[in-house]
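Below are two complexes that have subunit A in common, paired first with subunit B and then with subunit C.
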Partner chain A sequence: MSQAPDFPGLKRRELLAGLGAAAVSGLAAGAEPLQEAQVQAWDISTDVLVAGSGSAGASAAIEARQAGADVLLIESLPHFGGSSAMSAGVVYAGAGTALQRALGVADSVEAMSSFIIGAGGPHPPLDKIQLYCEQSPAHFGWLVAQGVPYAEKLSTAMTVPTDGESLYFSGAERAWPGRDLAVPAPRGHVPVARGMTGGRVLMEALLARLDVLGVVRRAGVAGQRLVLAGDGRALGMEVNMAGERKTIRARRGVVLASGGFIHNREMVRNYAPRLYDCSVPWGNMGDQGMGINMGIAAGAAALRMAQGFAIVPLYPPESVLSGIVVNASGQRFVAEDTYYGVLGDAIAYHQQGRAWLITGEGSHLPPQQDNFPLVAEANTIGDLAVKLDFPRGALQHSVAYYNRHAENGTDPMFHKSAPFLRPVQGPPYRAWNLAVDQAFVPVHTFGGLHTTVDGQVLNSFGEAIPGLYAAGRTAAGLPGAPYIASGLSVGDCTFFGRRAGLAAAAQGASA
Partner chain B sequence: MSQAPDFPGLKRRELLAGLGAAAVSGLAAGAEPLQEAQVQAWDISTDVLVAGSGSAGASAAIEARQAGADVLLIESLPHFGGSSAMSAGVVYAGAGTALQRALGVADSVEAMSSFIIGAGGPHPPLDKIQLYCEQSPAHFGWLVAQGVPYAEKLSTAMTVPTDGESLYFSGAERAWPGRDLAVPAPRGHVPVARGMTGGRVLMEALLARLDVLGVVRRAGVAGQRLVLAGDGRALGMEVNMAGERKTIRARRGVVLASGGFIHNREMVRNYAPRLYDCSVPWGNMGDQGMGINMGIAAGAAALRMAQGFAIVPLYPPESVLSGIVVNASGQRFVAEDTYYGVLGDAIAYHQQGRAWLITGEGSHLPPQQDNFPLVAEANTIGDLAVKLDFPRGALQHSVAYYNRHAENGTDPMFHKSAPFLRPVQGPPYRAWNLAVDQAFVPVHTFGGLHTTVDGQVLNSFGEAIPGLYAAGRTAAGLPGAPYIASGLSVGDCTFFGRRAGLAAAAQGASA
Partner chain C sequence: MTRPLVALAAVVLALYATAGWAQLATVSEMPLVAGDPERGRLVFAQCRTCHYTVPEQIHGNGPNLYRIFGMVAGKQPGFEYYSVAMASAEFVWTPQLMYAWLENPIAALPDTTMMSAGVPDPGQRADLIAYLQRLSVLGSGD
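Up next, the complex of A and B:
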């Protein structure tokens, strides 16, 4: 999946040295846009320039090329694939995809959109959600057509299947309150892959398509700033190639698909302070916010910049969910069997980053104690609560209340599903630390440029900036806080990436 | 405080008609910046242009003028004073102000900054907080020097004093956990005023100073877009004067002090979705986000755009705080006697906007039932819980737990202060709706342009945009979510407004 850059003058060693320094410092290079008049001559020209080689950029490039445009795709790192290649490659799809139908799964646009709208945060982008759900079966067909392999096997597990299944419940559909919003359907579509390498398989397919179609792709080329015409139109980009500044003319449009900003620590602290302390910034090192910052510098609006996922991966195994999760007041606050992105959101955003898993003698324990450190153990809940410095009597009540109803197979407070309703009984009683800065909590950003459903970047007055498009985590798309299902991010990247590429290619040449 | 605009061609009727339409539509006019080359000739020239006549703009104008600059201050509405004039005029000041010392109040920079940092949200702007606290006594002296009247009288109440006192505990200093962060000190400095009109008194003083100093001020002049030089420097502004576009040259700098965006509903939905449903958008109708949007369009970064205050004003009278506040699970989640901005934050941001006040027979009730509708009444807590559709048994436990400890004068869970610890006993038991969309919940925005301590507006790479300054709610300043004390916003407006005006005036003329 990696390809040595082959632009004149580029030396791989220099490139890596430069990238390493940027990653360590956490500072993205870059500056205000260049004005057209400052550009003496363009070094390179293309119809559509795509910055970023993750699933958003690759999807944009494929569609732009198929629409007849010359396409140049650049990647700042020496390897193609972006954060998508590091992911499990799950695409959240539904409303009756071929795979769902082959496996006898009933689903509809209404069920899918009701879940996404109802389970997510307030005032989501309804236009994007509606389009995404309506066209989901067709989009899944497109992925298949690109050569992404799927198997007609269903998994009922809550995590990415590793036994060759390609469809599973990837989100909070079956947990309360999700299951009351719509009939739950499995919508996580996973490429056939070993272990969790579905993202690699997905990207290998998309990148191979680029080559078949004749998209020119170049690694080690880092966008620095946009070049703008006097009227604000995006004309191209100044890039860094092995320490040399070069200008690339994009006759029809520029697509920013450079990922999020989780590895730009200053941006995370400024924009998403609740994510800053989470222990594991998750994503490709290219997630430095350069695409977002180039867009902001060109006058774009950026939305939902404080939002992201903070995942508290209690499961697998799912059996650990028979314990209860409590806050610093010793109270439960969430259905423990919800999607771990929802659990993490509740802790990171709404409990000041602190929570504990409480288990009893018969409970299943987290298998990797390094992930969720055992911080207290006692023969009674009361003694455990003292060790945790909880308000006196509070944890005792939470456990007694939960146990009393769990024995009857109910959970009046958070409606945990029956399979996980088992009384917490010891000794020993144990407390496992779920604090976002002390447990294993992967975190990623969702904020990005304000775009139309066609990926056009909007300025602060809601007007499109001519020639400028964005997709994936460089744009504010479907994923928000809480993150309600695996696959919404890569699903958004591929779906809206395609639309951005198509829209860019459809523009007449601007000069 | 109002002044008829007197620019040529301006007709007051047209002006009002135009403003009304903008306010109703919720759409801010405006567009991308003008390039210098597009300006044929400047209609008006000044050294420093200040957009907005609230306390930030007025403070900036005073300092710029005193530093020797010609200053033009424009206001989009027909009345001067901005949202500051609608406020109680509280300035959060401490570290030993003259008024604190005269009243025997001990305070320090350390106590003040420890409270602000510890009680507020994660990763606040430490540089601004430090400077604000260090220079707080001097800043209070400046306010006095401008003619703002204060009386050497202390109030111990939790709300803006109305009996001539000028110092009170305006925030969450005495509630848990604030009181554990630093020795509580009263820091709300209030102009002598009738009722809650301290903001009017404050603004009358500052606006009078403008006239004494020779600042030219014009109402009914609405900024539309910035004019930028080819290198991005802010040269001036295009404005709307009674339907005519005019250009104003600012030789030294432009100060954006146009308030927040609470009345631009589309911006609130996009940027601050958790505030969108709150019932009472609070602030002057000029809070349309125009200053923020002009800055974004010029390439500025905007921070903390999702943050604001959502106030749930349970008190006065404070006696109502003897009840308990619970969430949809029937659990307490906050110290009821905290500052009502902190209470509102807990509800709006962390309880999905829903909460109830539970009172008993001997409890004091909210005096204005319209503000917090009575939604259930019953002879037992159990019956009340059924009417509220709470998880069975949960509210009973919360009340029993609270009562048991309240009888002993303690609150192990949220450490409510002793004066408010009274068991909730009926019948009747009553529930009052605190839902942000159904109760009386004033809401205001805090997100704004990224600035240095000197008000210089920063782009997305952390570089200053030459000639561009911002202050007050147009900038991302001290106030955040949670909002921990009345007076932090107007305090920030006046303190950093002054610095922005001074910095703008200190620039050499740019052409």
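Up next, the complex of A and C:
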């Protein structure tokens, strides 16, 4: 971020010649753990080593340091902040946070957890969800205490506020089925920012705290493999520091917070093939899966590796939601006004990545826009269906059924909300291609290491690997497929990052 | 065409390392392969998460790229996150320079704040440049 990168002993010209190559080979490496006996001498020692400088790593480092541990935080890239700094910085928080209360928003642990459990995928991590919801007001207070700025201003728009508002409905709360699960509450807490830069604001605050507290942070240091004791305990890490191999001893614990793997194309193809063809791998280039791979190599289990978010941003403008979204059979399959992560999940994971938005007169979509291409236009739905090569009569049937009920203000299939329930009627009829490889579809991975609520990494037998912790997208946390609200990922990163840091610091120092 | 293009990037690095920004003008006169702006729209999609392309002077995590060609690098009002080197740049963004820079941004400029691997594929990069050139004429919304 704003701090100048630190390249020990390396001259500018050497950097120009070699940094790219060194960084790439360092990231691509991957090897079985180093055994303690193979380490001649440790180059660096600390109590807690945190690998990764996004919101999970920074939160872990802050808490470990405040618990009295010496903390070294390393970042493989030249700048700190990770993918969190590229994000909108939304933290999904509720159950009566100070900001919700200040804005007169009613919320409860039950409402929040009912929504997360009910609207998400099957068999979510209930223990993590419960804890996250119960402690959400306190966690938001912690973020404020770290200096993250929030304004007492509510936005009712469906998209991330970019004009200084700090609270909005960041997910599928108001769409079906979310609104039937619990009374909808705005839970997206966004740092005050102009443009979509909330993540940068969040990370500037957390990184500044690291410096105040005395966490040592080093950029351009890439983890390569863990160092394990004979009994499997994690003792430290071998890293690539400016092209040289160094070993770092972590007396109390190692926290892997190195992000997900969206920029490791081979891992995405192997683990999360549904995301492979999506047009926008979203994350900073450090999301190479190194933390996950180091953990797996040390015996960790990895969960939900195929899951991730796929966002198909239909809105803004929200007026476009009066159109219908259909699959290759010309049939609807989702409430069009749901959160764009739920829509994207339905397309990427359940419709082979293919879908079309059908609009009629009054859809208010500019003919030229960069989110998704206009692929067909006709004066009748029948002609449009022919151009799209849909099964004969299918689209006409879908539109007629939808229109008949929309005129009466109902949507028996997917319960689209009243404000968006209008018949698709009147030419020109248009079809917009929402295919994941043709539309603007940002994707990120959610699979990661199996952890306890305290970030302790578990193996396939459910046993803890001593001294090894993981958080953020390196761990399998709260967010899954479908992604039901912005802020669940960074919320999970900060909340469980803190717990991992605390747990690592609390562990007795190993000899 | 691949080989001369790779060489072009190397020239940029060498020039910057030895003589600084002023010499980069030479690169801007080198020939550039024509790309397809519609394919470039998809290549640019990964950039869009940080870079706005609208006429309004609003910036994301990266500076606005509306009509970027012809601007002096690192000087957009309201964007405060240029790296030291980029902020002190003395060159004008041309399609050729953008093409060279995006091959491997961190290698070309180690203190860049853009934590992106760039667009290593020459064909995709040419498409991206074509798209940015279209934006320089139209703006994304027109």
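Worth pointing out:
Just so we're on the same page, the second predicted complex is superposed on the first by the 483 of 511 C-alpha atoms of A that agree within 3 Å, B and C clash if a C-alpha of one lies under 4 Å from a C-alpha of the other, contacts with A are read in each partner's own complex, and residues count from 1 in each chain.
Following the convention adopted for this analysis, a contact is a pair of C-beta atoms (placed from the backbone, for glycine too) under 8 Å apart; a residue touches a chain by one contact, two chains touch by 3 or more.
Keep in mind the model is a prediction, meaning the values are calculated, not measured.
Within the superposed three-chain model, A:Pro122 lies in touch with subunit B and out of touch with subunit C [touch as defined at top]. Contact with neither subunit B nor subunit C is seen for A:Ala102 once the two complexes are overlaid on the shared chain.
After overlaying the two complexes on the shared chain, residue contacts for A:Leu213 are found with neither subunit B nor subunit C. Once the two complexes are overlaid on the shared chain, A:Leu131 sits clear of subunit B and of subunit C alike.
For subunit A, the partner touching the most residues, choosing from subunit B and subunit C, is B. Residues of subunit A that touch subunit C in their complex: 1-2, 4-5, 7, 12-13, 15-17, 19-21, 23, 77-79, 81, 85-86, 162, 194-197, 199-200, 263, 279-282, 284-286, 366, 368-370, 437-438, 440-442. Of all residues in subunit C, only 13, 16-17, 41-42, 44-46, 48-50, 52-53, 58-61, 81, 84, 104, 106-108, 110-113, 115-117, 140-142 touch subunit A in the complex they form.
For subunit B in complex with subunit A, the residues that touch the partner chain are 28, 30-33, 35, 37-38, 121-123, 230, 232, 266, 269-271, 273-274, 276-277, 292-294, 296-307, 329, 331-333, 349-350, 391-394, 397, 401, 412-414, 450, 459-463.
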